[in-house]
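Since the structure comes first, as structure tokens, the remarks are kept for the end.
Per-chain numbering from 1; labels A, B and C assigned in written order.
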Amino acid sequence: MDARIRIRNTKSIVFKSVVVFLAFMITIPLIVILVYIIKQGVMQVNWHFLTNVPAPVGEPGGGISNALVGSIIIVAMSSMIAIPIGMLAGIYLSENPGTRLAHYSGLCVDILQGVPSIVVGIVVYFWVVKPLGTFSAISGSIALAMMMMPIVIRSTEQTLKLLPDTLKEAALSLGVPYHRVILKVIIPCGFSGILSGIMLSVARIVGETAPLLFTAFGNPYLSTSITKPMQSLPLLIFNYATSPYDDWHNLAWGASFMLLMFVLILNISTKLVTRKWNIQL
Amino acid sequence: MEHSVVSATKFNAWFGDNHAVKDVSIRIDKNQVIAVMGPSGCGKTTFLRCINRMHELIPGTRTEGSLKLYDDEIYTMNPIYVRYKIGMVFQRPNPFPNLSIYDNVIAGYKLNGLKMTKADMNAIVEKSLTSAALWNEVKDSLHKKGTFLSGGQQQRLCIARAIAMEPEVILFDEPTSALDPISTSSIETLFHELKANYTLIIVTHNMQQAARVSDKTAFFYLGELVEFDNTKQMFTAPKDVRTQNYITGRFS
Amino acid sequence: MTPLENEIGALKKELINMWMLVQSQLDNAKKAMVQFDKDLAREVLVKEKRVNSFELKIDRDCENIFALYCPVAVDLRFLLAALKINTNLERIGDIAAGVAKYVIESSVNFDEIVLENISLLRMYDEAVNILTDTRIAFEKEDTVLARSIFKRDDILDAINVSAPNAITELIKKDLSSMPEALYMLSIFRKLERVGDQSKNIAEEIIFYVEAKILKHFESSRRKEDEG
């Protein structure tokens, strides 16, 4: 009897140790990536790096200002497209859960979330780039917006569904019309959840490369025109990392570092924002 | 003849195919506390929610018959206006968690975009909180959010919020069932004070509460209004045997 | 003040009003007897209806309070005591009316000196005092005063025991005075019952204030309670 209990205890300890060990293992890839990229990239970052466009082949120096500005513009435009549509769709889904429209559109949202990013890029190429006759930042934004929307929609829907019905009832019983109930009560109360969904969706698309390959295409010069091709950080990394020039490799490392920092900061601030703005229901 | 505040004549309400309220006729007079009691599923809450047109917000519902506020048919009036005149307090206290106590009380005005001067708003907030017996406890923390209030205080805040709209009638849907006995008792005392200015209609599961607080009691059973009489009469010698069975606990 | 406290306060006031009425009935019956005032006696009979309607109202008020408020503890004991005190007071009212009836029916007046001699007046005064004191004990919730009633009722009982002898002497002295003498004997009995009713009231007061039950106890146990 004693021996059996001892074997059981041993099994239990072994199991616990394996679980803890594997949990630690998860952090290793992240740490390796962080350490390596920081090591390679942090030395590249200086004022010159941030404010100049890449130098022509062969010349030393240069920077990634066109990619920085380009990323910011493309992401901003995607957000302007995806956030309103996504929030409204999320509101509709949470308010009318039983309808056929909700069922089928929810299905479409889930499927869209699973569409490979390169396929999205190709589709937008045929829809926007070909008719316009040129690669453009706006087509890149459209592609990225299509990837952002499912996340915004689902997180808005989940946040609002968690709000108790009594909140809506209280507002309605005061004679508040429906649109004001949504705008002035439901959305403010669910604000932290909606905001964190938005920030997560931005973090998701800021590093997407494939959709931009045939839409924004890239641009060696600093451009702010949305109907012309535009450079962005992932595109720059893709193009320059596989080039044969060392200068360009350095730029790619620096850009990787910037991208990584951006995603890290976005994720951490999402957590902070959620904690600060979270309304105790 | 006394002008009734709320009167129903052969009023019916459905949830889809479920005939929840059957041919109810009742006349409720001003400045009285009316208790509405009955077993679960008897239609009392449905009837209450028809009075301020909250029932129709659920899909698949419909109503028939006459339901009047003074001389006006409630179902032909603008529902927003109906809800200004007939306020409601719910079972679980539900102050708006993103608003301060001050903003909660005047939420009816703010959320509706009704403009008022600061002085007017202050006056309404003080008057409503005083009527709800909450002023002294919160007057120094009006701009804090109401999360530190106890359940009974939160419910009184909800009552103040309803009173701020200066309704004619206040509906209560089992207002103390989520509260402890001391909070319950303070709210029952409040009912006695409120009836001077408003007409109160209270749905309750708690018969003793109905006996303690109301002037008249209505007993609903299986969607019908079985008996409506002075509370004293109802609890000493009810006229219908179903009422007697319910009150004496012969069936739940 | 909760609504229940208000109702109980109102009930207390009603009882005290009834009490004062019964006191005055008893007093007036005595005056009518001594002064042989048939008009006063008739007034007592008329007011007896008010005593009865007090009893009905107080019964109904108690029923309503039970039904609406489900009282417990001291409130419950108070209501139970009030119901019994109500009945006792109504019976004392009946006794006063009975004395007044005798005054009306009798053709010959009662001689004050005779009444004095046979201690009837003394007994009457004591009975009225006992009734007054039970009222004060009720108003002030004074259980010491309530307990004093028991001894004083014993005095009334003692006088009542000696009554037949006194009356027999009276009849022996003057045979023609027999009708009045028989009335007087009845009045002795009635006054003894006033004492008993007051004693019951005192027991109810002690019950509701202290939750102690003293009725049906032998007087020896009552002494234990006092000591």
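Criterion: a residue touches a chain if its C-beta (ideal position, glycine included) is under 8 Å from a C-beta of that chain, and two chains touch if they have at least 3 such contacts.
What you see is a predicted model, and the numbers here were worked out from it, not measured in a lab.
**Student:** Measuring between Cα centroids, which chain is at the maximum distance from subunit A?
**Tutor:** Relative to subunit A, the chain with the farthest C-alpha centre is C.
**Student:** Comparing chain centres built from Cα atoms against the global Cα centre, which chain wins on proximity?
**Tutor:** B
**Student:** If you average the CA atoms of subunit B and of subunit C, how many Å lie between those two points?
**Tutor:** Comparing mean C-alpha positions, subunit C is 50 Å from subunit B.
**Student:** Counting only Cα atoms for the centres, state how far subunit A is from subunit C in Å.
**Tutor:** So the centre of subunit A lies 93 Å away from the centre of subunit C.
**Student:** On a C-alpha centroid basis, what's the spacing between subunit A and subunit B, in Å?
**Tutor:** 48
**Student:** Please output the residues of subunit A touching subunit B within their complex, sorted ascending.
**Tutor:** Per the touch definition, subunit A meets subunit B at residues 98, 164, 166-167, 169-177, 180-181, 184-185, 188-189, 191, 279-281.
**Student:** Flag every residue of subunit B that touches subunit C in the complex, lowest number first.
**Tutor:** Its residues touching subunit C are 185, 189, 192, 208, 211-212, 231-232, 235-236.
**Student:** Which residues of subunit C touch subunit B in the complex?
**Tutor:** Checking each residue of subunit C against subunit B gives 2-4, 63-64, 67-70.
**Student:** Looking at the complex, which residues from subunit B come into contact with subunit A?
**Tutor:** 52, 54, 57, 59, 79-84, 87-88, 90, 92, 94-98, 107-108, 111-113, 145, 147, 158, 161-162, 165
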